[in-house]
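Have a look at this one before I ask anything.
For clarity, chains are labelled A, B, C and D in written order, and residue numbers in each chain start from 1.
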Amino acid sequence: MCFKELEESFKDHCGIFGIYCPDKKLEVAKVTYFGLYALQHRGQESSGIAVNDTGTILYHKDNGLVNEVFNEVVLNHLKGHSAIGHVRYSTTGKNDRENAQPLVVKYRKGHMALVHNGNLVNAHIIREKLEQEGAIFQTTIDSEVIANLISRNRIKSDNIEEAILKTMDEIKGAYSLLILTPNKLIAVRDPYGLRPLVMGKINNSICFASETCALDTVGAEYIRDVEPGEIVTVTKDGIKSTKYRQSFKHLCVFEFIYFARADSYLDGISVYEIRKKLGKQLCKESYVECDIVIGVPDSGTTAAIGFSEEAKIPFSEGFVKNRYIGRTFIKPEQSQREISVRLKLNPLKNNVAGKRVVLIDDSIVRGTTSRKIIKMLRDAGAREVHLRISSPPVLFPCYYGIDTPDRKELIAANYTTQEIAKILGADSLEYLSLEGLNSVFENKLQNFCTACFSGEYITEIPEGFNKYIFEEGV
Amino acid sequence: MCFKELEESFKDHCGIFGIYCPDKKLEVAKVTYFGLYALQHRGQESSGIAVNDTGTILYHKDNGLVNEVFNEVVLNHLKGHSAIGHVRYSTTGKNDRENAQPLVVKYRKGHMALVHNGNLVNAHIIREKLEQEGAIFQTTIDSEVIANLISRNRIKSDNIEEAILKTMDEIKGAYSLLILTPNKLIAVRDPYGLRPLVMGKINNSICFASETCALDTVGAEYIRDVEPGEIVTVTKDGIKSTKYRQSFKHLCVFEFIYFARADSYLDGISVYEIRKKLGKQLCKESYVECDIVIGVPDSGTTAAIGFSEEAKIPFSEGFVKNRYIGRTFIKPEQSQREISVRLKLNPLKNNVAGKRVVLIDDSIVRGTTSRKIIKMLRDAGAREVHLRISSPPVLFPCYYGIDTPDRKELIAANYTTQEIAKILGADSLEYLSLEGLNSVFENKLQNFCTACFSGEYITEIPEGFNKYIFEEGV
Amino acid sequence: MCFKELEESFKDHCGIFGIYCPDKKLEVAKVTYFGLYALQHRGQESSGIAVNDTGTILYHKDNGLVNEVFNEVVLNHLKGHSAIGHVRYSTTGKNDRENAQPLVVKYRKGHMALVHNGNLVNAHIIREKLEQEGAIFQTTIDSEVIANLISRNRIKSDNIEEAILKTMDEIKGAYSLLILTPNKLIAVRDPYGLRPLVMGKINNSICFASETCALDTVGAEYIRDVEPGEIVTVTKDGIKSTKYRQSFKHLCVFEFIYFARADSYLDGISVYEIRKKLGKQLCKESYVECDIVIGVPDSGTTAAIGFSEEAKIPFSEGFVKNRYIGRTFIKPEQSQREISVRLKLNPLKNNVAGKRVVLIDDSIVRGTTSRKIIKMLRDAGAREVHLRISSPPVLFPCYYGIDTPDRKELIAANYTTQEIAKILGADSLEYLSLEGLNSVFENKLQNFCTACFSGEYITEIPEGFNKYIFEEGV
Amino acid sequence: MCFKELEESFKDHCGIFGIYCPDKKLEVAKVTYFGLYALQHRGQESSGIAVNDTGTILYHKDNGLVNEVFNEVVLNHLKGHSAIGHVRYSTTGKNDRENAQPLVVKYRKGHMALVHNGNLVNAHIIREKLEQEGAIFQTTIDSEVIANLISRNRIKSDNIEEAILKTMDEIKGAYSLLILTPNKLIAVRDPYGLRPLVMGKINNSICFASETCALDTVGAEYIRDVEPGEIVTVTKDGIKSTKYRQSFKHLCVFEFIYFARADSYLDGISVYEIRKKLGKQLCKESYVECDIVIGVPDSGTTAAIGFSEEAKIPFSEGFVKNRYIGRTFIKPEQSQREISVRLKLNPLKNNVAGKRVVLIDDSIVRGTTSRKIIKMLRDAGAREVHLRISSPPVLFPCYYGIDTPDRKELIAANYTTQEIAKILGADSLEYLSLEGLNSVFENKLQNFCTACFSGEYITEIPEGFNKYIFEEGV
């Protein structure tokens, strides 16, 4: 598909939302629907919601956007006092409806539904071990591994929280989980806090979401972030917190740079503010004399505004983006190749013609999109194009739930900055420095996962790991 | 839904089909599609096909008829040297797409796909035991229990056949299975041979089907029936047969009376011939002087022809059946109640007006349909209506894969024949005797399961068993 | 598509249904839905319903069977006191959703909806004339021509009935029409009564249908047939009949032989009775010593029963028909050619093996199906196959609404009966004689259209007419 | 539906695209698909494409976005040397698939397909006249009126251009048309040039589009705008221009203010430039001391940037817009009312908290959205909110193809500016002056239609006109 080239940015794997409404005054499936709607940017391939009503878990899930998968009739069937939901970005081209979440299983204590955002790095090892003991697997998602472990650990545990703690001893990697059991809604965040998870309140209902923008959308008040290594259990009797024996703060820094919606706050920090500051810092580090500052829509806009303010060079729009771009499967014929790029973006010719342009983007992955965008600007008459990136070079793949290519496809891992500038056709190229990034985070960058820049992974990465590992044999 | 009342007959749960084509000269998914097409009468709720190509199992399944679920594009994607397929009659009103078959799982030896026709009577006990050990279940179908057992038994076995034999020690009840593994297509029939399974050949491809009509349809030559307790393994090196330590002949007699398609042969016996003989024997036992013999379309037609021949009373058509009756979800309003019956059947008024009619049906379950049909005949002017049933009274529920109501809803289990005649509005009612049934089967009725007539179940029925057992908590 | 070969029988073009319920006690759209359901055999390509409520005509139509095109939500939107509906057999392979009926138009007197069963023979001449005057056409259906004429004639008329009478002066051919205007439901039958149209009553609602089986299905009482050349107007004030200046009785004889459902009565005559008598007469004319009589399912069954009774040779079933045969678009691969026939029919081997068979069918068009069926019987072991046809040879195409091939494709128009027997592989072949047909109709065959046998068309056939005439340029 | 409230802006009715490729080197349906994709902002309710190949016009149209209505299979069927396409914004809630364009008709000279952008003000008068003469209408779109007139005028004309000229004498109002005939692609723009229409070139193919952004997207080079009153005919022999006897320049000024995509050029003027200048001029007229300038996304952004530059107050983002907002039919329950607004927009709290904000929008219709947005800003902590509108007050409805409410619902037609400020909750409100608007257009505002501001309609508005006129009786 032609657009994929253009949409070469990183992709997060999932968004999750859950709610417990003890008095059933809210229609939990609908609230979850709207919560997922606000998290759609975190995953557009599949959507699902499970509800619990007196031990009976009903669910519906399929490939598609939230508003494609659900309608009034389906939502009206999903009655209950608690609900969890999931949107997913699929990393593979396969028809993998079976991999949609929530995963709903029956185990000895009744039914359980799970949704998961993140990526385990040792799921393949656990699966192999469980398979050696005779277990069978029906999907390729980590949630199935986690559900198996919880079920097994539940045997020797007094309660599910204990079983989850034992499971946390076994699984390594990134996970924000929401679990529905006959009586509980449980939120779990891995001990490193790699993926975000926030908690809110609507009247006397408690809800959880990947980002605060979902709380805002459903009209919930923000309470606090679920802490790294924390298990929050909600029942009709209220909220209980259980802590894993150790925890660290290592929220993925890319949530701030690119994934999260600008209006969200993660661990109490405004995503928008960070992005603007990244633009300002970028300007401090690599100012260049120019006529206008433009951002790659939409991901580079906020940093561009920050850069513009700092540089005192006017911010301007360089492109118009087609707001109706959706999933199209029509491929332009060979002779119409350029269409694929133009379908999404068109430069504002007389805004850039004859100008020296600073072009801001949040990151470069393979560089294919950047090259096309720079060519568009030049074709539109830009005199100079100086590319500025509001994050350091991505040198290492992510193992914690972000869809990155192999190292050999990461342009920054293979070329010098000058070489990249040349490949992309830019007059100059500068990245933000790691120090600059640190300063934007008020010198607390050690509290974030920056493995994609530094290669210093928070956890051990087991040999043989790759993210499609379970699908290879399929 | 209005028609359900009318379609109150027994329902079989499934039809299965499989093929192994070593030289890939046939498109195995398409052949399976056509095989399932011929078996559609065995299940209309969901359809699915899995194919194996060098260890990779691809599959597609969904709710709907075979020609609704599959199209050319999907079938063309399902490439391989072997395939299995399944059509299912669902016993519940739920949206249970998750229960569609084939079940495809990954276990330590790779991928495995299963389809199952029949019903285990101890699946709930095995599930509970497995759950106690920490296993989780994602569906409510027996196939998931079987796959779990095979996977566990495979650990201590030299090959999959040995694991299947061990599994056969554990599972009780009716099962005809087709299993796809990376290198094999395996057919299994339970030691009682409760559900049918036949084997055929197209050139050098081997295929299996629930009934011979599927072999005829795909142009395969009938070889033989898979024997009770037999495991037939097909690989590129040919066919291998493994026998369970003991076996009996107890094919479900209702396959002949009602389920199977009239053109099929089961264990070498023509279904059509049996039905015609049942009609003749019925006449011998309970002749009544009349003007015409009619059958309830379509299930009573063949027995009616037999009765007519024996009685020397003309066979005639009593009703016209709407050939386009499909799944409709439109309910006539209260004031239009009669529509529901008439949508399906309309009596041929001047064929029955003033006539003494013998009405033949294969069986009576709750009696609701029969009552309506007899009323229709009377409204059309029939002078007398004598109901004759080509099988003995159904007094006991089936636990082996047929959808029968509770005993308290089986009319024959609660009323005398005379009372039933009165309830149904018939001038007289006679059932075929068990002896008569025996004679039609050449006095070998002991080789068939007749538990629904006699209450003598082939296997022990574990306490607490009922067929929705896994769904109760859902 | 493979089946088409087999389904080579004649096809009627349409079924129509209408109802006027002055007190709105019935949901007219639902009643029409059920009426169309009963008429589905008359057309399976498109379905549509229009309702009138205080001058506002709402409608819904699309390609597909009635139960595919409509659902509860759509029907609930179609509120009104009167409704008309249509099912259509499309003669072309095109995506011609635009040709679905009812046709709904606005003209100077308000809105009008029309449904039409039949075929005009001079529509092309009228269209050309109207086009010369500047009219535009958006479909290729006769209804658009009729609506144009009614609209134009309305200018100089005192009421719509007068406009319809003027229109009847202009249009030639077969038409049974139902017309919805702001205040009226109008039924019109052409002066020859070529296509059927009956009138019924449910409480104080009046309804019209192509066949009485639709009246039975919706629980309506049969009143009478609309007469040839009659215009029946239903308003809140009751029923009014207007007669065209001349009329004849020439109902299509093929409605009895093949098209109509066996339980229908047309012009007061039982279709079932005629078919059975055709079988008896056929036997009188061309008895042959044999072991069994079988009919081609389903169209030959009734005549076969009649033949059997007369011949005192047992009637038997020769084939099992797959009841789930639907629209499939999967084509067997070259090597699997035979599948296409077997998907629909499978011979009952041990019913025909070694037997001398009389095979009854209602007609032969191109002969392709008959050849395959006879081959099937021989492959199943039939010793002799004697084909008997319960109507005379079809020598001429129909211009009044039946889909017949060109004369050069009509086998009987090109070969002698003996040659045909040879081509089809039959041991003998006999058709019913025209005299025999006459005797079955009690020597009143002159009251029916038999042009396909005799070439004596009821109306002049304008030069250059063919039924795809409007689509040729498309 | 809840969002409708928010999306209360003006709506254009249609976007059109056409192409003539004499050598068939381009797949004309695909190029048209991509052209419509770029024009999707002009209409999201229905989409359609017609192609011409040797006189045969094939077409496909349905309700939905371009990428919902078309797929590869459909596009591959639409072969030809020329094509026209249409996207439509429907003004009614009805299921009006019948009103989708292109309209395809047969008239005496063969087939003709039309697409139309704009609104006739006398279509109802012409329809009534035609109906009086007996014409029937099947849709409620102006195109059907136009096609009727062209067809009638063609009788006394030497060629279609002459017939179109005669038709232009009869129709009043706004129309940009593309017409496909067996040999020609014809573009027509009304004598006032009310709606835009541009011409481009890809190799030796000629194409037409509502806006230049569609030319850019398909890789076409801009040639010129079709002139007011011009008929451009493209055949295999090249381009021919025919002029209507008189013409004026009165392009709708709102195309610049709001409808057109910012990257388009209309009559040679950059839409983006105008919007930015409107912001600058607005600032000159109604500067207010503030901390930040924000635009209502997305329509106010460009003017906000202009205002910011002129005011030397930083431009900032005030809201995050959910990019996945699509057609949802799920309504939040009563208790969750606020969700409806938040689903689309969420304020960037710490960007506006404590700030004095200038909020820029392009226009105010009913004021409902503006009130909600201002409330959002205040809830987010904005200290002051000064609303500035980059166009004069809309005092009069549009009759030329823009969906405006009745005068009594236009807030500016009923309240003073100060009253409106109070209603909307703004600390101050200023509109751009008409003089200011004139100066932005370099004192040539008389060359544009500004009737919605001034009430000076370009054409006479016939009594009784309203835009739903044809649908009232439906």
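Keep this in mind: a residue touches a chain if its C-beta (ideal position, glycine included) is under 8 Å from a C-beta of that chain, and two chains touch if they have at least 3 such contacts.
Since the structure is predicted, the reported quantities are computational estimates derived from the model, not experimental observations.
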From the centre of subunit A, which other chain's Cα mean sits the farthest off? C
If you average the CA atoms of subunit A and of subunit B, how many Å lie between those two points? 48
Per the centroid of Cα atoms for each chain, what is the distance between subunit B and subunit C, given in Å? 36
Based only on mean CA positions, could you tell me how far subunit B sits from subunit D in angstrom? 60
Touch relationships between chains, expressed as pairs: A-B, A-D, B-C, C-D
Which residues of subunit D touch subunit A once you look at their complex with the stated criterion? 25-27, 30-31, 33-34, 37-38, 40-41, 44, 65-68, 70-72, 75, 213, 216-219, 261-263, 270, 272-273, 298, 301-302, 305, 309, 314-317, 319-320, 322-333, 335-336, 338-339, 342-343, 346-351
Which positions of subunit C touch subunit D when the two form their complex? 55-57, 60, 95, 103-108, 110-112, 128, 131-138, 147-148, 151-155, 470, 473-474
